[in-house]
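What follows is a set of structures for review.
Look at the two complexes coming up: subunit A is in both, with subunit B in one and subunit C in the other.
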Partner chain A sequence: MNGMSRRTFVGLGAAVAAGVASTSLTGCGSSTAKKTEAASANVKLPTYVPYTGVKPDLPPNAKGLDSGFLSYPKTLVRSVPKPPGDGSKVTLLTEIWTPPPTPKDANAHWQQLNKKLGVDLSVIMGTDPGYDQKFAATVAGNELPDLMWIPPNQGIQHVAQLLEAKCADITELVSGDAVKAYPHLAAMTQAHWKTAVVNGRIWGAPSPYPAFGQVYGGNPKVWEKAEGLSASSPDEFLAKCKEVTGGKVWALEPIYSNAVSVMSQCFGVPNKWERGKDGSLTFWMETDAYLEAINFAIKLKKAGVFYPGNPDMADAYIKMAQGSIGACVYANPTNARKDLRINAPELASQILVPFAAGGSGGPRHHLHRGTIGYTAIKKGDEKRVKMLLSILNYMAAPFGTEERESQEFGSRDLDFTFDKSGFPVRTAKGKKEVEGLRSGLETATVSPSALIASMFEGDARVQDVKDVYAIEQKLIPIGIPDPTVGHYSDAYTEYYPRMSTDAKDLVNDIVSGRKNIKEWKPFWTEAKKRGLDKMRKEFQKSLDKSGE
Partner chain B sequence: MTLQIPPLTRRQRRVPDRRPAWEEPPSPVGNATKAVVIAVIVAVMVLPFLVVLSTSLASREEITAAGGFVLFPTEPTLEAYRTILSGGLITRAVLVSAGITAVGTALSLLTTITLAYALSKPGVPGRKPVLLLVLFTLLFAPGMIPMYVVVKELGLLDSYWSLILPGLVNAFNLVVMRAFFMNIPEELYQAARIDGAGDFRILTRIVLPLSKGVVAVVGLFYAVTYWNAFFNAMLYLNDSGKWPIQLILRTYVVQNKQLTGDALGVTNMPPQQAISMAVVMIALLPILALYPFLQKYFTKGVLTGAIKG
Partner chain C sequence: MLALMVPGLAFFLVFFYVPMLGNVIAFQDYQPFIGFQDSPFVGFANLQELFADPAFWEAVRNTLVFALLQLLLFFPAPLALALLVNSLISGRTRRFVQSIVYLPHFISWVLVVALFQQVLGGAGLLNNFLREHGMQPWDLMTNPDTFPLLITGQAIWKDVGWGMIIYLAALASVDQSLYESAAVDGAGRWRRMWHITLPAVRSVTILLLVLRLGDILSVGFEQFLLQRDAVGARAAEVLDTYVFYHGVVYGDWGIGAAAGLVKGVVGALMIWGANKVAHAFGEQGVYSK
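On to the complex of A and B.
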């Protein structure tokens, strides 16, 4: 996903639109509030039917390893035989992560895409931060768009009530083998579909995202001095950080909460929640191992290896490309490689694989939930709901299909041409018309994550795919999922954004020396009363019911 | 009997001769201290602005060498400005902002002046209830969702008017202007009426020429508000082609999302910091340029409005 905001996807705290006042959805009944604890219990998820139209060069695996494509296919597969739409108007509320595209009236690519979709698609483009406010206002206006992207982590509350009151329950249309009527949606794994399950029913098409989580990505020129960005122990990592720090270069970006988050993987901290033998849930920040990770970050801070900026600095990636910062935290290995290539095409970022830093479980890699939410469909007659599902099916067309190319690059020779290596390159027209629209569409839904050479900038894109694939192979064995993925908690949507922001601020204050580490434990004692125990209880009940 | 005058104490003798400290001629040390303090304050104010300007003019090499922000570019270039004003996203957004600011300020001044004039005249029917209604909005701002619903019900969604009409009359500005009008001597009104002038003529020929200060100040307040507005645009404008510059600025500079060559339709992009800072400059300059022209009215206008009720 192009330029996806670090605020949204990097770090637990940063994952939430920071400080956003909670915005409730009005116009939705509250009668279903109590049902939300049932979460995903016992729903029959759609059957997984992987897409086999184009064979990848590097095979995926069931544990989450991405497939890899090293070249652009010479002939594309047509996977949707006729336009799925019925000629009606369709509105989509989504978020874009790039500048907006040329407006529809003046955008030939958009108009062409509408012909292929068979509808008049209008896109309401939200931005980050602010999507939750845009969403709440749009819902309050009582003219719901036909398709609405619902992210799990941007402070949108009372989602269950909204879905029950205003959205179509698509369980029967996609559950089990029924999903085969929408082959691109069927190519999404059950882990993807879990995100779209609330109250034991399925409410939309998932928005797949790489399944890998936060990593340190580093500028190879900076880490050359210390034989690369890798370490086998905290002491070695500290020593390497000290070695590369000097003059106008610092080893790490000063976003301490992200540093602690990545280091916590080395200390064996669970991924968001950990289920005990008795079924109890422990939040990752409550653990002693997380405290150890904070202590290690304090040690790094005292050693002077963090860039002397503030923890909210917005241009750390650029500074890393320029060589003033050695390593930044990225949402996943793919982004680490892609982003540095954008800012410094000649540099191939190195990625730190978590090292053992103590703890009983060894190093872990916190896997991402693999989606950034789902796109729900407005309540309507079955025919229209099916038509809208077909539109989403079109939008999820995988790599190697005509449908994917037309959405990602537009029309050949008009919006894009091929470079000498056979990879598509957008023309001036395509640059203005395609990118922003594609960003909004792929936020709504897209085919499952894959490593595709054309995703990377520059001449070394094939090597980029191989390198990221190799890193993913190293991360898979230590990867752990968040056990609450696929389970819905109202308390989570209500309390988590604030709690997460406060926790992130406290970590930044503690590491920067403004507050004492002794404040960490009391913070969590207090957090239990301010919603943590409530979300724990709701998740636990949901997990118990589903037998997970 | 002779009158015994007690001798003055040492303190009493000294005090009458001495002027207050602030009337003493400044000492060289005092002068130097003041100069240093003022210089520091000026530097604190000017330095960030200078850094923004310099970085927007700097080359990729200089930005890289400086580690991000440049203070004095050795080979200034306007490439960043050329790129963002090449007819794409930023140009359109600047034009949108300029249009909204111009039309909004004009309409706001028109409505505020006429309403303030009416509310400043005793004997106007319904004066108090209207004034109370206005003051109510000063104390209790409507929430985001009620405002959205009103804008939607008025059919203003996705229209530039949604950025102008909801904030057309600002209660604070109205109170300031009304207070100023009430301070104009009643005799002037009476004389005008004797000469046969109606309210419109009194307002345009007598009141407004005497109120240049407050009109300039209130106009500036409105202009700054319209120019800086992004939240309403984010909520009410679904068509991204209508986004004003501040929404672009917020999204792509404050949040550091990159303005890519793709979006701007160029192939050789200047460095990202130069682009970002150029956008900041473009967002700042128009309003900044207004201040020197309105400064002479500013103090008088604000103070007069502030102390009269």
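On to the complex of A and C.
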């Protein structure tokens, strides 16, 4: 996926990032609360039919390994035979992560795309932060958009009521084999679809995102001194950090909450929640292993290997490209490689594979939920809902199809040209007209993530795909999912934003030495009373019901 | 004639008084999706919860400390600078200095904080210099103890020139012949300042003081939001960031509004009190009796 805001999705990975909330509703009437508990249980998810029209160079696997494409195909496959639209007006509410595109009236690419879609598509573009406010304001107005992207992490509340009152229940249209009418939507896995299930029904097309989670990505020049960004024990990691720190270079960015979150993977901390043998749930920050991870971060801090800056500094990635920071936390390995290539094209970022830091769990990798939400459809007659589903199907066309190229790059020679190795590169016009619109469309829905050479800038794209693919192969054996993905808890929406901000503040205070680590455990004893136990109970009930 | 007032009245009505009705959410368990009408009323529960929250009182304490420091250090600064600039004889130099000291006002807080970070931060100019010369680095930007001075310093750097304008205007209106006759009578420069200059700016000063007092709990927002993580919430949370975190980030709109309301009520009381003081000085204040 191109152009996602880096910081946001780092935040998404770390449950501790500020202000992340979740889907569904907050403290409202008990009738809806009861309904939500049914959650994803008992709905027949769409059948998974992988798209076989374009063959990848590096094969995916069922465990979540991405497919890899090393070249840009000479001939593209036409995967949607005729324009899916009926000539009507369609509005889409979504978020963009780039500068906004030229407005539709002056945007030749947009008009061209509308012809291909067969509709007059208007896009209401939210930004980050602030999407929740844009969403609330748009929905509160009388004109509900036809398609609405609903993220699980931006504090949008009362989603369940909104869906029930104003959105189309598409369960019948996509459940089981019915989804085959929309082949690109059928290519999404059931794990993807789970995101779009609320109150036991399916409400929209998922927005896939890489399924790998947070990692340290490093500047190879900095780590050269210490034989690369890798380690087999905390002591070795600490020693390497000390070795590369000196002069105007520091080993790690000072975003302590992310540092602890990534290090916690080495200490075997669960991915957000862990389900015990008896079915009980433990929150990751309550565990002793998490405490050890904080302790290790304190050690790193005392050794002076964190860059001396603000723990929410916004330019850490730039500083890393310039070589004054050794490693930063990225949302996933792909972003780590992609981002450094943008800021310093000659540098291939190295990725730290979690090492064993003792303890029982061994190293783990916290997988991402694999989507950034879903796009719901406004209630309407079945014909219209089906038409809108076909539009979403078009938007989810995978790499190697004509539909994908026309959305991602626009028209040949006008919006993009091919570079010497045959990869498309946007022209100045393409940057203005295509980039922003594509960003909004791919937020709404996109084909499942894949490693595609044209995603990376610079001349070493093929190597980038192979490297990230290799890293993913190393992460898969230690990867663990968050067991509560696809389950809903009212208490989670209500209490989690505050709990996570307070926890992040406390981690910052403890690691920077303003508070004592002894305050950590009592904080979580207190948190139990302030909603943690309630979330636990609700998730547990939902998990029990679904038999997971 | 009265009809000419309509646009002005409408402006205040639509953009000030009608939105004030929104404060009703301080007494509701408000959710934007449901709206004012359907959100349940909870009476004073939000205020109770607010007053029971230690973080609120920390925010109040910080706000008061910053406000007091700003009043003591920041408030007199523009006057002092105005006197200094006013004493420049060359018109050209004066205009040049004026332009330079205004400029920072137009720089956003993001940039001001970044500039301070570049100079005083852990990897900034000062500390790189200290490190290179074998001295202990001294990170001012992440030290919660010196934070109140730091933010007051930033505020002065940014806005002292802007605040000076109004005093300069008052000084420009002083009749020059007063100085001449005072000089003829043998008054030195300090006497002239005491008997002519300062009385000339007194009413402006008091007016500004009253306005400042009414607004005293608004010590700033972006400045604190940007530096909150660097020194921790305990040192940097002020009422406005408290409202932001509770209202917007945590989704407790009711509590956020309640905190904003408390701030508004205190501000109104301060204006009323300060105006009394102004009257006691024989000045007009914001409104006369």
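Keep in mind that, in the parts below, the second predicted complex is superposed on the first by the 521 of 548 C-alpha atoms of A that agree within 3 Å, B and C clash if a C-alpha of one lies under 4 Å from a C-alpha of the other, contacts with A are read in each partner's own complex, and residues count from 1 in each chain.
Note that a residue touches a chain if its C-beta (ideal position, glycine included) is under 8 Å from a C-beta of that chain, and two chains touch if they have at least 3 such contacts.
All values derive from a computational prediction rather than experimental measurement.
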Clash-or-fit label for the pair subunit B, subunit C on subunit A: clash
Partner chain(s) touched by A:Lys63 [first = subunit B, second = subunit C, both, neither]: neither
Touched partner set for A:Arg514, first subunit B, second subunit C, both or neither: second
Which superposed partner A:Pro101 touches (first subunit B, second subunit C, both, neither): first
Partner chain(s) touched by A:Pro497 [first = subunit B, second = subunit C, both, neither]: second
Touched partner set for A:Arg530, first subunit B, second subunit C, both or neither: neither
Which superposed partner A:Ala140 touches (first subunit B, second subunit C, both, neither): both
Contacts of A:Ile124 with subunit B and subunit C, given as first, second, both or neither: first
First, second, both or neither for A:Asp312, with subunit B first and subunit C second: second
Which of subunit B and subunit C A:Lys115 touches, first, second, both or neither: neither
More subunit A residues in contact [subunit B versus subunit C]: B
Where subunit C runs into subunit B (options 57-65, 201-209 or 255-263): 201-209
Contact residues common to both interfaces of subunit A (with subunit B and with subunit C): 26, 133, 136, 140, 248, 324
Residues of subunit B defined as touching subunit A within the complex: 63-64, 67-68, 88-89, 144-145, 148-149, 152, 157, 231, 234-235, 238-243, 247-248, 250-252, 254-265, 267, 272-273, 276
Sites on subunit A touched by subunit B in the complex: 3, 5, 7, 23, 26, 96-104, 106, 122, 124-130, 133-134, 136-137, 140-141, 143, 248, 314-315, 317-319, 322-324, 342-343, 426, 428, 431-432, 434-436
Touching residues on subunit C, where the partner in the complex is subunit A: 29, 31-35, 117, 121-123, 127-128, 137, 139, 141-142, 144, 227-230, 232-234, 245, 248-252
Parts of subunit A lying in touch with subunit C, wherever the complex brings them together: 18-19, 21, 26-28, 133, 136, 139-140, 155, 157-158, 161-162, 248, 250, 307-312, 324, 493-494, 497-498, 501, 505, 508-509, 512, 514-515
